[in-house]
Amino acid sequence: MMKEACGICAVYNSANTAQLINMMLFGLQHRGQESAGISVFNGRKIGTYKKQGLVRSVFTPKIIKKYNGISGIGHVRYSTVGESKIENAQPLSALFNKGYVAIAHNGTLRNADKIRRKLVRSGAIFQTDTDSEVILHLLAQNIKYDFLDALIESLLQLRGAYSLTILHNESIIGIRDPQGYRPLSIGQKGDSYMLASETSALNLIDARFVRDVEPGEIIEIKDNKIRSIKFAKSVKRQCIFELIYFARPDSIVFKHNVSAFREKTGQMLAERHSTPADLVIPVPDSGIYAAIGYSNKSGIPLKFGLSRNHYIGRTFIKPYETERINAVKMKLNPNADIIRGKRLIVIDDSVVRGTTSKEIVKLLFEFGAKEVHLRIASPSVKAPCYYGIDTPRTKELIANSMDVSELRVFLGCTSLEFLTIDETLECVDEKPSFCIECFTG
Amino acid sequence: MMKEACGICAVYNSANTAQLINMMLFGLQHRGQESAGISVFNGRKIGTYKKQGLVRSVFTPKIIKKYNGISGIGHVRYSTVGESKIENAQPLSALFNKGYVAIAHNGTLRNADKIRRKLVRSGAIFQTDTDSEVILHLLAQNIKYDFLDALIESLLQLRGAYSLTILHNESIIGIRDPQGYRPLSIGQKGDSYMLASETSALNLIDARFVRDVEPGEIIEIKDNKIRSIKFAKSVKRQCIFELIYFARPDSIVFKHNVSAFREKTGQMLAERHSTPADLVIPVPDSGIYAAIGYSNKSGIPLKFGLSRNHYIGRTFIKPYETERINAVKMKLNPNADIIRGKRLIVIDDSVVRGTTSKEIVKLLFEFGAKEVHLRIASPSVKAPCYYGIDTPRTKELIANSMDVSELRVFLGCTSLEFLTIDETLECVDEKPSFCIECFTG
Amino acid sequence: MMKEACGICAVYNSANTAQLINMMLFGLQHRGQESAGISVFNGRKIGTYKKQGLVRSVFTPKIIKKYNGISGIGHVRYSTVGESKIENAQPLSALFNKGYVAIAHNGTLRNADKIRRKLVRSGAIFQTDTDSEVILHLLAQNIKYDFLDALIESLLQLRGAYSLTILHNESIIGIRDPQGYRPLSIGQKGDSYMLASETSALNLIDARFVRDVEPGEIIEIKDNKIRSIKFAKSVKRQCIFELIYFARPDSIVFKHNVSAFREKTGQMLAERHSTPADLVIPVPDSGIYAAIGYSNKSGIPLKFGLSRNHYIGRTFIKPYETERINAVKMKLNPNADIIRGKRLIVIDDSVVRGTTSKEIVKLLFEFGAKEVHLRIASPSVKAPCYYGIDTPRTKELIANSMDVSELRVFLGCTSLEFLTIDETLECVDEKPSFCIECFTG
Amino acid sequence: MMKEACGICAVYNSANTAQLINMMLFGLQHRGQESAGISVFNGRKIGTYKKQGLVRSVFTPKIIKKYNGISGIGHVRYSTVGESKIENAQPLSALFNKGYVAIAHNGTLRNADKIRRKLVRSGAIFQTDTDSEVILHLLAQNIKYDFLDALIESLLQLRGAYSLTILHNESIIGIRDPQGYRPLSIGQKGDSYMLASETSALNLIDARFVRDVEPGEIIEIKDNKIRSIKFAKSVKRQCIFELIYFARPDSIVFKHNVSAFREKTGQMLAERHSTPADLVIPVPDSGIYAAIGYSNKSGIPLKFGLSRNHYIGRTFIKPYETERINAVKMKLNPNADIIRGKRLIVIDDSVVRGTTSKEIVKLLFEFGAKEVHLRIASPSVKAPCYYGIDTPRTKELIANSMDVSELRVFLGCTSLEFLTIDETLECVDEKPSFCIECFTG
């Protein structure tokens, strides 16, 4: 399974800034479960609180009260490497020559190491391991007097993916890199403005979705005005995996309704990769919408032959090791009466390492499936992501070491088909605007 | 929402008794989230461990190692009254004149207070507030030398609902009351035997489902033999709500596949309570199967217009109070693009207090629904349950204070229909064998 | 080191019962650090709360508020065997034929197993492993109608040590066994009455010390009256170790001021077991008073050559294992400038296993002591205690395997002397009234 | 009560660096209880771990294993302002143009704000609120190529108190400011070298005390060699309160044995401020050594009329508020039998706010004292400390608003005398080398 790295948000001019950030981060929790943080401007300076854990446990009533302010930004993070350290949690906040600033970053900078080395040589002190810290130092070393001027010059040095929310004194700023790899939307609620990685976070707080921040655009919300600056020519390369897997189904991302996109991929599978079968079975939760699409298109009835157990947690002990019990069964409960004797079309969103798919196939046969036709609602993943998603290394990507027919044998399914890259892109408007590097390598 | 009170299980003759109980309780977690406990016989005496919390946090590797044994029983509990006390957690274990014994109970005894008073007068000492403790004392005060003889005489004095697993030295016993209100099934895995409230718990550990314990039956597993004793004439009154709401969809309960029953209720709604509409929308997770049934029968496409946020927890702060935000939205995320302008058939499993349904209807209209036709896959609940389910008091049951047309106005929906009692019973085999007291009052 | 097993208390007729019990248990914390508990009568029934941990963490403001009542009892416990189980924590509370009752017990019953077997044969159900539970069952099986009559008959069957506080509806009862092994005192504060293991707990709440409960006496406080019943002829065998080690120095126990007794033992050591030296050094904290006595009597100045580190906790990791560092140094910090080149008289209260003493002697020599004359302010311990103290088994008692001259060699000290049994008894009034079984075997 | 702000240490070239730092920090725990942290060089980079809590809970076996390295530094901290933030915990570690560096700081920089503003203007980014961070930035902005050269130039800009341990790649550095306000000692153990705020921390790990780092000296331990650099002319102003109160009695601080100094102050009180009395009573633990000195000098016997309860914790609830019970009694248990009818000389180390002293005097009279002669083993505190100690503001210092005779009336004692500044200085060698600003204002 792939893991998203971050969700970000911001609030401008509210009496309940901390509460709204709490709620938006809760609505972005699927983008990062490791730590959550908030920075607010209290009229005098920026205060920051960040802690490991889910939003619901980080934001206690005491913290929400203490860290309320006029404006603020928030961040949820999934730490991608080793033991996560609280030092690396975000927002990053600092005092420097342009005042108090806090930054929340979603994405990965490709030239962070190079810039860091350069900045270090010219006197910067790096106190975290995050690539996001280079943005702070670029800003600080920039000699431009004006914050926005310095910001633009800094951004122009960055390569890679960055959606940013920035708190600068009481003003908030939203930025998407020129390729627009990661989403960022603008919302409004009364006199307050919001930024959020996904529109579902705006829905949660009854904010009106205004529009997306555009690739290469800076949105500055200051003195109760929104100002737009195009800092670079946009060459859109929006992450297709946001639509396939990461974003919440009720979000509008890159101008696409996520669940509608997923249904379309399912319909496409039904049109181009169909096979006679008795039932369509989604791998929950991520395969559900594509399965609905497949079922509606093909007329083959949808059934929940696997249902997800939401009580499972990180800390569940693996007793099945002693008992040699299929681990996937703890999470995806198979329904024998549905499965038994049936020819199944099993719909999953993607195949990364292949280990879970293999166990699912095995499980379905154990519970009596006659045939298991695995249909994947995206192309096979051949390359790790360099733009903010935590994917396995190249050699762990199963599609790299096997072709589809070898993979079918490895997974043990009756048949196996992926959406092609072209078919996937047929499901979106404006095909060339999407990043498909993980499929092309 | 109704709340189930308990899940129980037992293992006989395994090298991994504690592990298997842990896994089965994990598979029964939906029946009780307040506390979990285990009693095992270690060859000499019974050891018991119980703690508040989810199974995954109660059963640490250390506890599983320490509380392993030859045979054992387990229990998960949802405490129904006030602050739950660890003293009231189960299993109850004791040393008395028939040796070491531990009991796990699912159900509610109707004459517990009366028996308790009688037992107290004749010298019993009650150390918990649970009705389950009377079973221990009946056993102890019984003069029959033989454990089973004493057990039978004790059971004959009980009125109400009880599925029990009992650990008596190394033997395990499974019992269902003569009405069979609550389920209990027998499983086998190699030379080991199991008992579990639901078959899904047996599936999880790769145990073969043998059969149900029958109403009025004692199953004793001792000396590697299963023995069946009919201790009372069975007059089946199995809880229909196990099928409607409580049991896991992948369980076979009362000889019915739970998900299949729920689909049937959805089909029945489509047959008898249909209305023209654009989409069928389930209230997740409990309304999903009925919605699939409705969609398949009516040909109206199913869409997930509401999706459940599983990050929500008990401790989530209610910031929406300040912001006057619809609380249900935090849990059930509406998808505007699906809902907007559509005539919706919204399927839920049941209506108890009516408060959640009211908020759901409001939310759907806010997100643009044109019509909201609420269809409930069970009759309206008119009476509290006296047999082991935590329902509100009579006056809080909305169906008691309003008829359907008043309720429609209260909920704000375009139309509202329930399955009738007869229609519900048409979805099961052997109609008279079910308890429908909560519908008839 | 020996470990005390329990502290008990009670409050009658206060508006702040739970608060006062909390404070008294805090003042008795040295008698048991494993769990703490409270039972209160709220006008209708008895509520009980008990939890593992120190008093300060068990009694939160919420618990103190929730478990307030008219009268109540409290208990702190050090679990003596294996992993302590919350089931074995006290008070034990129950409903039985004489109403609601709760019991807190300090001491050990010698015939508990025998009585338990008898009670089990006649129908009792034991739900804990504690010997204290037999008292409940004796009471319940007693046919006497009157609670006190039944209580007296029950007590007469017990052998061993028991100081008890009992809550029976709103009345409280204090009891000491006929030998009076463990202490129990009566206090008064306005219209409220208290019972506590030690008078220091009464001091803490500004209660006036009235008098001790006498051995063989029942004190019933009911209807605002104190009533005394002698239920058995007293043959005093009060635990001398309460004075030597367990009790708080500011308590009056068995009519002796504890710190004054300890000073006397030190004076006695100076009189009968003196040796030329430069300094008197206590082993803190328990050896301090005897050291003051020795110093005052001998004129040899007292210095704190060892000072205790109170940050040490149960969970301190033992890194010194890798570094082969003397573990005792982490707890008892030696002061080289005081010790170096000096002939030391080192005063400790007792020697049990001998391991700590050996390390202390080694440490003092390492830090430059010229001579280490170990003086123990009690006789050598030759037998485990059967009356409520957690002592090592016979073979672990170092005084059992070596005579004093062998022990001196083992410990590595320059000279070693113990108080004799007679000398110890010279420090108390009424010599024959003390239990010295642990010295005589 | 005054609160020390920090303890620091370092280890060079050990196989058990993390273990040794853990143990030394444990031995420095009295200097800071809020957070603890470690930075180690693992051969490639510096890893840092810091957490709120006591050393024994921060340093788990897992952390000690994970953060082992060749060399390292450690820090314990008492946060002086508001809610302590983990972001402000130390060591501070960073990557900058002179490699990986980590700093642990004990003291307070007087010109930190001024330097911070200057650094910010020239491009520095401050990520914490600590004054210690300015040292990092001074180092980074310094153009000198050599680390030590840059360090010296940086130090020369600092005003105020700083004892520092620095980890620079695998080398460690120890520094004391030219006034030597705070202590820092060098230790050796085999081929390994150590630095620690106090010698007692060296004792704990069996390290040999080599000598103090001198005021104005840099000690660099690199390539297995110790190198000393005098970076500034020393004008000693060592903190007299380290001797009076902060340091552990078994430490040698500023070449004085701490407990010996305290005894001397007690003797001085006996010589210059004596009064006829029956007993000398220390306020434990800090008044003990002075009381021994007083008793030895005056011949008036020492008794522990107050004994300290070490079970008290931060979270102890204040039930005495309802009961109007003297709070100090919970911590300092009075012994009525010792106190009653006696003329007491009560010895405390210092008087800051006066509130605790007032309660102690009241308590002693309540428990029967005939006279309470309060003798303070230091001068009265008239000014807050600007060099690393957390003292109250000027107006909260009781000696500022009252002269001694008013203060005696306020405290309610029979007589009250302080050591004069001169008398205090008579107890040290090299009088002018001590900072007495808190007495002179």
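So that you can tell them apart, the chains are marked A, B, C and D in the order they are listed, and the count of residues begins at 1 in each.
To be clear about the criterion, contacts are C-beta pairs under 8 Å (C-beta built on N, C-alpha and C of every residue); 3 or more make two chains touch, one makes a residue touch a chain.
These figures come from a predicted structure and were not determined experimentally.
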(request) Show which chains lie in contact with subunit A and also with subunit B. (result) none
(request) Express in whole angstrom the distance between the two chain centres, defined as the mean CA positions of subunit A and subunit C. (result) 60
(request) Mind checking the centre-to-centre distance between subunit B and subunit C? Centres are C-alpha means, answer in whole Å. (result) 48
(request) Spell out, as numbers or ranges, the residues of subunit D touching 2 or more other chains. (result) none
(message) Chain contact topology under the given definition, line, ring, star, complete or other?
(response) ring
(request) Could you please write down every pair of chains that are in touch? (result) A-B, A-D, B-C, C-D
(request) Name, in rising order, each residue of subunit D that touches subunit A in their complex. (result) 48-49, 66, 83, 85-87, 92-97, 116, 120-127, 136-137, 140-141
(message) Applying the document's contact rule, which stretches of subunit C touch subunit D when the two form their complex?
(response) 16, 19-20, 22-23, 26-27, 29-30, 33, 54-57, 59-61, 64, 200, 203-206, 248-250, 252, 257, 259-260, 288-289, 292, 296, 301-304, 307, 309-313, 315-317, 319-320, 322-323, 325-326, 329-330, 333-338
